[in-house]
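So that you can tell them apart, the chains are marked A, B, C and D in the order they are listed, and the count of residues begins at 1 in each.
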Amino acid sequence: MREKAYTRDAYGRTLIELGRIRKEIVVLDADLSTSTRTAWFGREFPDRFFNFGVAEANMMSAAAGLASSGKIPFVSTFAVFATGRAYNQYRTSIAYPNLNVKIVATHSGISVGEDGPTHFCIEDIAIMRALPNTTVLVPADAVETEAAVKASVDHYGPVYIRLSRPKLPVIYEEGYRWRGEKLTFRIGGSVTLREGEDVTLVASGLMVSRALDAAEALAREGIEAAVIDLYSIKPIDRETLTEAARRTGAIVTCEEHNVCGGVGSAVAEVLVETVPVPMEMVGVKDTFAESGSMEDLLTKYGLTSKDIVEAAKRVIKRKS
Amino acid sequence: MKTVLSLELSLINYSVKGLGYGANLLMVRLGCKGEGEVFHSDELVARLRRIALQLRRDVLKMTTKAGSGHPGGSLSAADIITALYFHHLRHDPKNPKWEDRDRFILSKGHSCPVLYAALARCGYFPVEELWRLRKIGSMLQGHPDMLKTPGVEASTGNLGQGLSIGIGMALAARLDGKDYRVYVMLGDGELDEGQVWEAAMAASHFRLNNITAIVDYNGLQLDGFTEDIMSLEPLAEKWRAFGWHTIEIDGHNMRQILDALDMAVMVKGKPTAIIAHTVKGKGVSFMENRVEFHGKALTEEQLRKALEELRWEG
Amino acid sequence: MREKAYTRDAYGRTLIELGRIRKEIVVLDADLSTSTRTAWFGREFPDRFFNFGVAEANMMSAAAGLASSGKIPFVSTFAVFATGRAYNQYRTSIAYPNLNVKIVATHSGISVGEDGPTHFCIEDIAIMRALPNTTVLVPADAVETEAAVKASVDHYGPVYIRLSRPKLPVIYEEGYRWRGEKLTFRIGGSVTLREGEDVTLVASGLMVSRALDAAEALAREGIEAAVIDLYSIKPIDRETLTEAARRTGAIVTCEEHNVCGGVGSAVAEVLVETVPVPMEMVGVKDTFAESGSMEDLLTKYGLTSKDIVEAAKRVIKRKS
Amino acid sequence: MKTVLSLELSLINYSVKGLGYGANLLMVRLGCKGEGEVFHSDELVARLRRIALQLRRDVLKMTTKAGSGHPGGSLSAADIITALYFHHLRHDPKNPKWEDRDRFILSKGHSCPVLYAALARCGYFPVEELWRLRKIGSMLQGHPDMLKTPGVEASTGNLGQGLSIGIGMALAARLDGKDYRVYVMLGDGELDEGQVWEAAMAASHFRLNNITAIVDYNGLQLDGFTEDIMSLEPLAEKWRAFGWHTIEIDGHNMRQILDALDMAVMVKGKPTAIIAHTVKGKGVSFMENRVEFHGKALTEEQLRKALEELRWEG
């Protein structure tokens, strides 16, 4: 069993660390700073923290003004508000003029749990990646979150980072290592966590640890599954994906997001234009879902490692 | 005699609060509406206060049972919700889709525990459902879901949308020549949302006098005091400048609540806003005015203590 | 040369026609009723027309209230405002409770022309189809617009209909016929306009006539291209698409929309799960574009029949 | 003597407009600021009026050349834009990114023709660029694009966002200890957008006195008169209730514009809103107050007539 940690805690800590060295970082929140952990930055740097109250649209456009004055604004709230509630503001004030704003949203997906569908966000990847100039990152755990937040500062332009509410199993070793090896978080990159010849599991966020579990379960049945942590949805790692498709001839995508327009869709876009192979998409099957505990929901809505195992077997059967 | 006295007391009360409501009340007294309709019996008030207590108990029990939820803003809204569902609203729990019913929208959807308690205690569904709040398969979602819960009029939980939804209902009433009324409860933090002011502007532009907005002015939002996070004052002037007849009351004084709701019915040609001064966590000493109970359920131990405080003392 | 007609004129006329028989139809606009043509309905039925001023969010949620009171609201404004500006309102007030609201947006795509990128909408298909309970329709011409609007009324639930600013070539004969044959507009359906064995051109909206032109050009070079008018993006006609993939073994999608998350993406989602074949996507290549005349823009940004022809040749080369 | 006279005339003028601005002006006269800074020479006023005329001519020529665009709201804004770019703003056309420059945001982005004319006539780019408005490859987009056009501070055109962007800039100024100021021009129709009121609330909460909002109150939006589409009155009370120091002026009276802009600089502790009463299409008889010229260019024939009217008569 892996240890667990909050990705939003990692965000809160990293923000402070970055805030110490990069004086141009400012942080904006919309009355959710206790939940998003930006309140920690606010306590450390009160002058550089702005709480806009429950007014996401205003916050988003204000970030544009701060960015065009040389600041690096981090804008945080829950994913459903960070994206859909201020979408037109993000589009026109920020993405269109390619301003240096980082949006870090917590409480994505259905693992939000008891608050229910009004507070889930199963569409943010789809809607953010639909806009030009937009980088979309989905870290898999707390360690990768730190790496993603840091990488976002070194990249000029709008970046959307998708985090979760609950603690997630920690996959990477401290300092962003995998099995001892130091990794580099690269916008447009990915991590191949496991090699395998029969099928490739392409996962993001909370589903990465589940994909690893699925790969182990498959291995016990003699099926060798490669596992890719696709932390960068846009830009997307075309090279690694096409190579994986070529080698394994079958892909399963795993995302805590609607299967319409999300990670599966982004991967499919690449493969049909390069190496069209059979795919199965594990994700939320176009439903708003309901309130419940995280585990109840992930099980009922088909996001367990068992669901991945079954999808892998289905897709392998479809290989030509 | 007793009525007159209580009336005088009410007036004094309003004056003491200094909320400019007395003048209005006087006007009413001068003939616009019969006393009986405007002023309410001690028996009624006592009955409602007792029910409000019950709803508060329900709120705390169901959220603790669920292990999550928003008790603070449920308690601040409890007296108003009680006045609406157990006296003021024209509705029929046996026929939730009755066309002529008044509509209530809880725009501050996170406070649904108190709405669910009211609906259950009214008879929309069995009280036992309350204990399945937020569990998978339950009819009681973490935020109001109009498809799953009988009596819930709108799906809310993303703040700022309820007043707009209410405008749609009020326009429909006018179009259909129906005299039902629409009530929308908003949080004070929720008023930060520009959509609320879009709706405020539109409701007065459309001259909707069949809609009443009730602001649960408990002075707290999620991150702290509204005064610190995003100050709202002068709030009544804002609503007035947006064309609303505006009344300020003590949102825990049942008589003032009932009077204000009646008053709103009488206003012609414009919508009415009731700014209800409330206390978040009202009724439980250690919850009152404490931001940490915005979105956290009580522990079993805290619940026990709270329920001890929430006893009927007449 | 085909005749041209405004799809938004067809919308305006159809609304009045429907308004006469369906008394529960009400129409909402946000200070663009002269452009969307809902003003015509407003003149005919002033009581049932509501102008909300420049306040799209309020309009969208108000539509929810009207719908839950038994009305059938048609909500109109430009696509960029109808979708992104009121996205969270649409999501929670309408899509989540599956209310009977029809959103008919004009001025989609880049054919808006001179007003420029702030008024284009190249992301609406992606963001609307990302939500459950949402039907997404993209009529190809004025005749099909009428059919789509009528079909939307016969379907309970939210429907998004995407229209254009400029006049579009009229493809269908009056009464929604194709080469004399009466068609039925079916949510989840499509029209196969042309048969062909070498490649299938799957087009929507303004690109349908261009796909037809491309097919003729290809035919002159001996390449037989099938052409599908995919007017229903969600639900999508899986059967027709998989059948086409099976028969022709190569697909070109043609859309006036970003290639991230749009029609190409929706088609790819189907094919990788059924018949993975090589695809090329003709569309806006993830750029906001710029101001200019419609034809200048469609040419510069790769949306001509020539672009389709080239894509078809590329994809045919990739057939296995 | 002359100054005093013109001052008196101004006062009378304000009183005639009945806009409550006189009192304010008196206060200033009583010592808060020297006369010379507040009141402007006839020469200056004449120069600015002449420039405004030029901008109006440019607006009509460039939109007719483009075959599309928004002349009506450009003409209503022309005098204010002139006062800003040719007198009030601290800026340097040779150094558009100068850190200490004042910022101007045209939130009602569709009126960019007049902004482009001002920028060109100031020297941000050659006047010839104006004739390539809205053509493919041009630096002058249909709506303002801060990446393509030197001097454009924000990309706007989706109404309601400019004041928020301005807040970001004003916060940055405070953080950096800079004394530049931020000016945001909004349309009256634009005020329907709730985001404007979110921004209004936030600017006063943050006590930003380095931001000035200017409302081009021309009484028309896209579909008709604001009074019919979405009424705004009492508009000044709205801004005041949202915590803004609020001044009403005649937005075509150059002296009043200059005075109001100066006044705003002096207000402490809160932002200032200038409600400028204007006429859409101002300056061309057949365009004034006519909704059809909101978003339509003149024909060649109309342009000829319009340019005849737009001649300097001192």
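Keep in mind that, in the parts below, contacts are C-beta pairs under 8 Å (C-beta built on N, C-alpha and C of every residue); 3 or more make two chains touch, one makes a residue touch a chain.
Note that the structure is predicted; figures quoted are calculated from it, not measured.
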| task | Show which chains lie in contact with chain B and also with chain C. | result | A, D
| Between chain D and chain A, distance of the C-alpha-averaged centres to the nearest whole Å | 43
| Where the CA atoms of chain C average out and where those of chain D average out, how many Å apart are those spots? | 39
| note | Taking each chain's mean CA coordinate, chain A and chain C are separated, in whole Å, by 30
| request: Enumerate the residues of chain C that touch no fewer than two other chains. | output: 52-53, 55, 57-58, 80-81, 85, 88, 91-92, 96, 117-118
| field | Overlap residues in chain D, where contacts from two or more other chains coincide | value | 145, 155-158, 160, 192-195, 198, 201-202, 205, 230
| said: How are the chains arranged in terms of who touches whom: line, ring, star, complete or other? | reply: complete
| Where on chain D is chain A touching in the complex? | 99, 145-147, 153-158, 160-162, 164-173, 175-176, 194-195, 198-199, 201-202, 205-206
| field | Footprint of chain A on chain C - complex, ascending | value | 80-81, 84-85, 87-88, 91-92, 95-96, 117-118, 122-123, 126-127, 129-133, 234, 251, 258-262, 264-266, 268-269, 271-273, 276-281, 286-288
| chain A partner contacts - residues on chain B that touch it in the complex | 66-69, 109, 134-138, 140-143, 145, 148, 155-160, 189-190, 192-194, 221-223, 226, 229-230
| said: For the complex, give me every residue of chain D touching chain B. | reply: 192-198, 201-202, 204-205, 230-232, 234, 237-238, 240-243
| query | Any idea which chain C residues touch chain B in the complex? | reply | 26, 47-48, 50, 52-53, 55, 57-71, 73, 88-89, 91-93, 96-98
